[in-house]
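Okay, handing you the structure first.
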Amino acid sequence: MDEEHKILESMVSDFVQREVSPVSKAIETQGIPQELLSKMARQGLIGATVPQDLGGSDLDRLGYVILLKQIAMESPSLAFLILMENSYVMRVLEKAESGNDIIKKIAAGSETGTVTIPTMLGIAGMGSLEAKAGRISGTIYGILNPSARIHVVCISPDSFYVVDGGYKVSSFLEQLGFRGMKFSSVSYDFDVASSIHVEHRAKDLLEDSAIGIAAIAIGISYGALNRAISYSGERKAFGHYLREFQPVAFTLASHYMDLDITNEYLMSLASGPKDAFHENFIKAKALDLAISISRSAIQIHGGYGYFVDFGVERFYRDAMFLKNISGDHMRDMERLSDLIFGETVKRI
Amino acid sequence: MDEEHKILESMVSDFVQREVSPVSKAIETQGIPQELLSKMARQGLIGATVPQDLGGSDLDRLGYVILLKQIAMESPSLAFLILMENSYVMRVLEKAESGNDIIKKIAAGSETGTVTIPTMLGIAGMGSLEAKAGRISGTIYGILNPSARIHVVCISPDSFYVVDGGYKVSSFLEQLGFRGMKFSSVSYDFDVASSIHVEHRAKDLLEDSAIGIAAIAIGISYGALNRAISYSGERKAFGHYLREFQPVAFTLASHYMDLDITNEYLMSLASGPKDAFHENFIKAKALDLAISISRSAIQIHGGYGYFVDFGVERFYRDAMFLKNISGDHMRDMERLSDLIFGETVKRI
Amino acid sequence: MDFELPKYIEDYRKKIREFAVLEFTDERRRYYDEHEKFPMEEMKKALSLKLVDFDDPWKLMVAIEELFRVDPGMGNSIISYSFGSEILKMYGSDFQKKKYLDPVLRGEKIMGLGVTEPVAGSDVAGIASRLSKNPKGGWILNGSKIFITNGMVADFFLILAKNDPPLSKKSHQNMTLSIVEPTMPGFSRVKMYGKLGVRATDTAQLNFDDIHIPDENVVGEPGKGFYYVMTFFDISRVYISAQSVGIAQGALDSLINRASADPDIASSESIQFAVAELSTRVDAARLLTYRAASLLFDFKPDPVYTSMAKYYSADTAVYATDVALRFLGLPASVTSLERLYRDAKIMEIWEGSSEVEKLVIYRTMMKKIGDKDGRGA
Amino acid sequence: MDFELPKYIEDYRKKIREFAVLEFTDERRRYYDEHEKFPMEEMKKALSLKLVDFDDPWKLMVAIEELFRVDPGMGNSIISYSFGSEILKMYGSDFQKKKYLDPVLRGEKIMGLGVTEPVAGSDVAGIASRLSKNPKGGWILNGSKIFITNGMVADFFLILAKNDPPLSKKSHQNMTLSIVEPTMPGFSRVKMYGKLGVRATDTAQLNFDDIHIPDENVVGEPGKGFYYVMTFFDISRVYISAQSVGIAQGALDSLINRASADPDIASSESIQFAVAELSTRVDAARLLTYRAASLLFDFKPDPVYTSMAKYYSADTAVYATDVALRFLGLPASVTSLERLYRDAKIMEIWEGSSEVEKLVIYRTMMKKIGDKDGRGA
């Protein structure tokens, strides 16, 4: 890491410790406080990847990864909001005619945005949208952050609408992870002519977000592992610190190694130009690691780990939810195999 | 990788394809042919890390890793001989008064060397040596390449003797892996005064060899995986190429990813200065990977994989043998935990 | 050898399953989970139907399996009202059986068992609660307990405490169980909110501040409490193992249902393999559980087999929910499967963590290995 | 339910174990492994002692388990002389039983079964060997078989071939089993050297060049060979599963023996956990195996349970030898444990790879799932 990125890391880390850490548990039940969003916006942390004249920080890939990772160590919910806004919402807005005005509002933290992830990922059975007589309508199950003002609606693999109004949040669903944001069914019904239309390949958005997803997964892993490591040095059982027991020590050491190796790979990819092929690898690997490390972290905390108060259980939920909201397991594996072998894996 | 190392890689790879590949199976039953050693010596590949004026190539860490990896893809036995000579035998000889003469012979391929690995690793139950009345004697079980002329005998954690004669190979043992070299009990009985004594910390030798061990493990993994990938595209079952079946494709893809991530880490460590802490990680991780990938490689080859003719089963044997001959599983985990947590894991 | 349950048990299984499927509606499951509320109504209903037969341990085990298969939180609340009753059955006085145990068995009262403390989780010998002789007669209890199931709803608790002054130098021989009622002066309790899963299960922290315990509320012999609790764990761990089997089966059900309903899913060999692997593990866990149960119900409990069953089944529950959720993805993130995923994790923790189970297996096994001819020798 | 084997079987287990420990000396095990030689002498000895009781399937299963626990290569050679005999028992003619089966059962002859071919491994329907009607009477066999156990030592083989011209359009209904003797003109065989493990087991490639097969050597009905072989696999896979359990137990034995002998090893919690985890898995594999066996021996074989047992036990054998070898390290790299490690791998491959087992589990299970009340529904 060069000097510039080290400074960024230390700045973000300080901010997270000071501003996010104290409210990270509250975020899970009460949502992300407007005050925090405003503070982040002032530091340019919300519009992380958008130009400075739009209120962003114009971070490069490595900077973006550093930011998401540090935030995810304390609040995966918040990190995912930043990712959703930067990697999806604002990327679509960039291409829209009056998009910059909306980008400015989002970067300023005065509005938030969301995207219809199920249709963007092409997940079956989560609703669909229909175009008829100049209107687009339908219900999508599973919109994260539905109370956002700006909805980016993906209606086909390469077509989006930006909707401000024209949707109704119909029912909240208690979802596995990222509970700092609501999750719900949203009914859309908007006029095509008066909505902003953008052509953009969903596939590109997803590909470009892979290192961001990986960064959040790595952040979750560090968040969970660091807590497990400190707890193992504070808590005693049978007269000894947990860490003095071989199985505890070896499990933690093994996670620590895996995480270091995976993190290095992420940082090295993020330092280079876009490399969709290898970025698939890091995404898959980091997600697996986050699930496995957060499971161990709960286990090491024993009964306490099972309670929200200790701030560990949410990593377990968020890790799996991140996996599921960032892709379809089987489809991702099929794509990976296709990329590696240069031919299509068949359904036989 | 810079230009210089790319050239080295391609040179070694060509050499391996041309000279090692055709004899790699024969090596397993008949040993490493003298002719091959001579050819390698002429290219400076045996004295890989020793100065050019001693007949070596003076490779840096990265070059050494590249060399071992490429050789191990075809012949792990041969790769381990090179490692044993460079990382142990010649490292001790460097410090000996007339060591350079012996180094020259080894680098020239006219002599080979070995080291008493069990005592160097401090493995209990494999024999010991006793100093008495100016002589050192005892039997060590498990000397690899016992027919070597030069035996480097580790008699304590920081003391070695270089012995040329003064030992007797008492019985051959059929060992799990690296069958290109013999494995046997050796009885030592030599005069202290007339033998070369070198003070050197065994711990340093082991630490320094970690990336080399990792390189061989990664080479084994690539050797096994590449064969499995090609076979899966040639062999049909139930009317389809194996690779067309999801479970085969996903298993291979998953190994491919893991290997890429681990290899990157190795290459990046090897490109930097010595970093004993992280080199422990890569060693542990690469060994695990080699065992797991070689198991899958046999499975994908089916019945054929179980036979020596297909050249896959030896990777499975060599991977586990490499793990066991390069350290003690539990001791290694203890050291790792100690390094990570800065305190000693207790036996409770 | 005989690996089949008698037909009357399998018939009973169907009955229980019908109840669970009918009563544990999506809506109710979601409600009790979201609100972290004890399903008193469903519990009363199950009681009034005399659904759970506590007199036939096989039936009880199968009931647990089928209830947890549908909803662990609600299922646990329905069967756990008598949690700890085996201790009173085995060691309670006539007075205690009449006053405390019988109303529980009639379904009129709810009980709880207090062992775990803030500083002593799986390490039972490390508890700090103290029971002292009251010079004026009876005993005085001080201390606190956490993670106590039925903590807010129970009518009385069996509480483990250390004797002070000690009855023995060995801490295992210095613990006593006594019956504590929430109405006793000095008793207080606080509901513990925010569990990852099994949220319909009621959990609380209990505090004892100079509670006067009458002599007749001491269970069995003073100083033997640790052994009573361990004997109980030999029993309860078999049931916990059945809980885990139920959860794992529930996760497998979702995968199978999905494959049955969706040809695109069914055509994936990857899913086919996952179903095959999970089915095998679930069956392995079930067989380990039934073996432990069969010994226990025959009054020959074997701690090795019991701990094997509990550890393996818990691991299987977590593994099965993990695999199923990966494959079913985002649509499953708001369904009963995501709840099972959260519920499953407690199986590796409560009533002896998996780490403790492994130590029990190793230590007990190595003790047995005098017999050189046996397996494992 | 009853999870215990009858005492007479457990007594028999001890007898078999004594034989294995006594006869399979370190020296012999190493010799047959190194030289890839069939242990004819030990086989004859076991025969002369009438050690293996082929009439009691439970005894046979336990014998396999105990022999493989000590040495899979030698163990297999001792019990596999009648490999495939179940087919003749079920489908052979009186003539075939008298001429071929009886001498095998008396231990006078060795037999083999030829199914696998160079281009068709687990895919039995893909074989290329051809059996054609000879206009002059009888049949003509052409083709080849590989990986044939007892290939060099067997006195006759059951060979699966496709009928040419076809008897049916469905390839499953177009295969026929016939008895082939090495003395028949056109028969040749080549020993296959260089196996990773089970090297005392004899393995060969067989070649058939216009072999004349008399009519009386055709087993059962022409065209039904595939079903005969599949029925046999339903039987043999249970025994393969027992082989794997034996290997896994053997690996666990080494770890336990080491922990018993060395206080430094025993004091490691990491080893203690490994022993606990392995014991649990070995027991799970054993229970799955015994369940499949109990159904099979009761003439109700269940392919789901059989495939579960075989796949899981094979995985356990590989896993157990892997873990044990990691912990015991370099000193174990020249012992029977390293041999077990090499032997274990074949369990995932022979008589239906683990991949095929998983497909059988899935497909057969999904077919059963009309019954909505049952488990897995």
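Chains here go by letter, A, B, C and D, matching the order in which they are written, and residues are numbered from 1 within each.
One rule holds in what follows: a contact is a pair of C-beta atoms (placed from the backbone, for glycine too) under 8 Å apart; a residue touches a chain by one contact, two chains touch by 3 or more.
Everything numeric here is computed off the predicted structure, so don't read it as measured data.
S.K.: When the contacting C-beta pairs are counted for A-D and for A-C, which pair yields the higher total?
M.R.: Most C-beta pairs in contact, of the two: A-C.
S.K.: Report back the single chain whose CA centre is most distant from the CA centre of subunit C.
M.R.: Chain B.
S.K.: Roughly how many whole angstrom separate the Cα centroids of subunit A and subunit D?
M.R.: Computed value for the inter-centroid distance: 51 Å.
S.K.: Based only on mean CA positions, could you tell me how far subunit B sits from subunit D in angstrom?
M.R.: So the centroids are 36 Å from each other.
S.K.: Between subunit A and subunit B, tell me the centre distance in angstrom, where each centre is the average of that chain's C-alpha atoms.
M.R.: Here the centre of subunit B sits 42 Å away from the centre of subunit A.
S.K.: Mark out which residues of subunit D touch at least two other chains, giving numbers and ranges.
M.R.: Where subunit D meets two or more other chains at a single residue, that happens at 268-270, 273, 355, 358.
S.K.: Residues of subunit A that touch two or more other chains: which are they?
M.R.: 238, 245-247, 250, 333, 347-348
S.K.: List the residues on subunit C that touch subunit B in their complex, please.
M.R.: Subunit C residues touching subunit B: 268-270, 273.
S.K.: What residues of subunit C sit close enough to touch subunit D in their complex?
M.R.: 1-5, 14, 17, 249, 252-253, 256, 259-260, 266, 269, 272-273, 275-277, 279-281, 283-285, 287-288, 290-291, 294-295, 304-305, 307-308, 311-312, 355, 357-359, 361-363, 365-366, 369, 373, 375-377
S.K.: Please give the residue numbers of subunit A that touch subunit D in the complex, ascending.
M.R.: Listed in rising order, the residues are 245-247, 250.
S.K.: Contact residues on subunit C for subunit A in the complex?
M.R.: Where subunit C meets subunit A, its residues are 30, 33-34, 116, 119-123, 125-126, 146-147, 192-197, 262, 264, 267-271, 318, 322, 325-327, 329-334, 338, 341-342, 345-346, 348-350, 353-355, 358.
S.K.: State the interface residues of subunit A toward subunit B in the complex, per the touch definition above.
M.R.: 229, 233, 238, 240, 243-246, 249-250, 252-254, 256-258, 260-262, 264-265, 268, 278, 281-282, 284-285, 333-334, 336-337, 340-341, 343, 345-348
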